[in-house]
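Sharing a structure with you now.
Per-chain residue numbering starts at 1, and chain names A, B, C and D are given in the order in which the chains are listed.
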Amino acid sequence: MEKLFHLLIMTEKKIKNIFVQGAISADFIADSIAKHSSKTEIGGHSIFLGQVRADEIDEKQVAAIDYTAYEELALAQMHQIREDVFSKYPLSCMHVHHSLGVVNAGEICLFVFTSSKHRKPAMDACDELVERIKAELPIWGKEIFADASHQWKENK
Amino acid sequence: MEKLFHLLIMTEKKIKNIFVQGAISADFIADSIAKHSSKTEIGGHSIFLGQVRADEIDEKQVAAIDYTAYEELALAQMHQIREDVFSKYPLSCMHVHHSLGVVNAGEICLFVFTSSKHRKPAMDACDELVERIKAELPIWGKEIFADASHQWKENK
Amino acid sequence: MEIEIISFGKIAELVNLKNLNIDGIKDTDGLQKHLEAVFPKLKEIKYKLALNKQIIHANSPLTSGSVVAIMPPFSGG
Amino acid sequence: MEIEIISFGKIAELVNLKNLNIDGIKDTDGLQKHLEAVFPKLKEIKYKLALNKQIIHANSPLTSGSVVAIMPPFSGG
């Protein structure tokens, strides 16, 4: 019974989802911030938001990015990143959300949120998470132009 | 006429206020984020939030911090910090808000928000702003305990 | 022996097959050679393979029912 | 000659004067000596002075109507 319970916890931990359909709204971010007011051991929150840019490429402007992911692999990779970052920094909380599907220029597609007693671990962990998310998660952005043509985004 | 106009701009720039009465709400933060959706040259936002901790000191718990500031000097110092950081990093936006008066444990007292085309300048500028705000702005926090006694906070 | 192929991003526009009979192919190196022969444009793209939902960094044996993902450079965030 | 004194944080609980006649005192070093004589506890606190809304790092002359702020270590954020 205890073993089963442990297994359920492990499973729940494993399948923690980071993906949301479409853009991440400011209200969603506000709710997430507000939820931390009961955690009075926290002294600092660090947040990174990725926003879709209306880049101009060969005289055409990006209107939106359509995100796809190898979801199962991405969640497994994210699980590992989460474990690594939690064991490296004294964090109270860590939240990651990434869009799937169409996100228009000016909308938020990535929300990384870390909290700790003192400010430095939250800031450093947030930076590291963003770097690793961009480098290690199998997610692809298709830049869609106003004329409906597209090109595949490449991270620098 | 042009000179007067320039003077007005300078004056407006100089008196940019960072102080808000009481805690900074999650809704205020959400509004601030949402306002950037029209700035489609932005690719990354970095946010730092300072939250009042319910620290335990000599067996008494901090219930709130009461902030006072030498406002005129603080705004002049902040003006200089803003200029320095804007000239050091390629930023699209920079917003700083600090509470005055009573902020309860679990509530937000500092909101620093930077935006840039690519993520790194926004993150580095945000870190630097937080460090300089804590070190250089004449603001004082009075930690108020549940029994109404107090002690003066000291930044590490 | 049959394996499953899944592809993503710009590679999904290039390699559009789902099930592949790989008689005569026994590992991922062999599969890679086969795919690049069938889809020559693949040679111009940097890509990684995942085998059964794990990114692989070296040649790995294939078995019946293996799931191989072909992934161009990531561009999330 | 009269100057204005403003104080903040824990120093505001210690130094509670607003206007100060400083006949015989001509600069901030002299003022500091005077204040530490009147409020001996001030010697135990690290503090900075601002003169007319500017933080000073060296001895500065005082004139009639000067505004001097006495500031303990900052603790904003």
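Operating definition for what follows: a contact is a pair of C-beta atoms (placed from the backbone, for glycine too) under 8 Å apart; a residue touches a chain by one contact, two chains touch by 3 or more.
The model shown is predicted, which means the values in this text are computed figures rather than measured ones.
Note on connectivity: the fewest steps through touching chains from chain A to chain D is 2.
Centre-to-centre separation between chain C and chain D, using Cα means, comes to 74 Å.
Distance between chain A and chain C, defined via averaged C-alpha coordinates, is recorded as 27 Å.
A separation of 50 Å divides the Cα centre of chain B from that of chain C. Chain centres here are Cα means. That of chain A falls 25 Å from that of chain B.
The multi-chain contact residues of chain D, meaning those touching 2 or more other chains, do not exist; every residue touches at most one other chain. Annotation for chain B: residues 50, 130 touch two or more other chains. Applying the touch definition to all chain combinations yields A-B, A-C, B-D. Against chain C, the residues of chain A that register as touching in their complex are 50, 67-70, 72-74, 76-77, 98, 109-110, 130, 133-142, 152-155. The part of chain A that touches chain B in the complex is made up of residues 26-27, 29-31, 33-34, 36-54, 105-108, 115, 117-119, 123, 126-127, 130, 156. Residue ranges of chain C in contact with chain A, taken from their complex: 6, 8-10, 50, 53-55, 69, 71-77.
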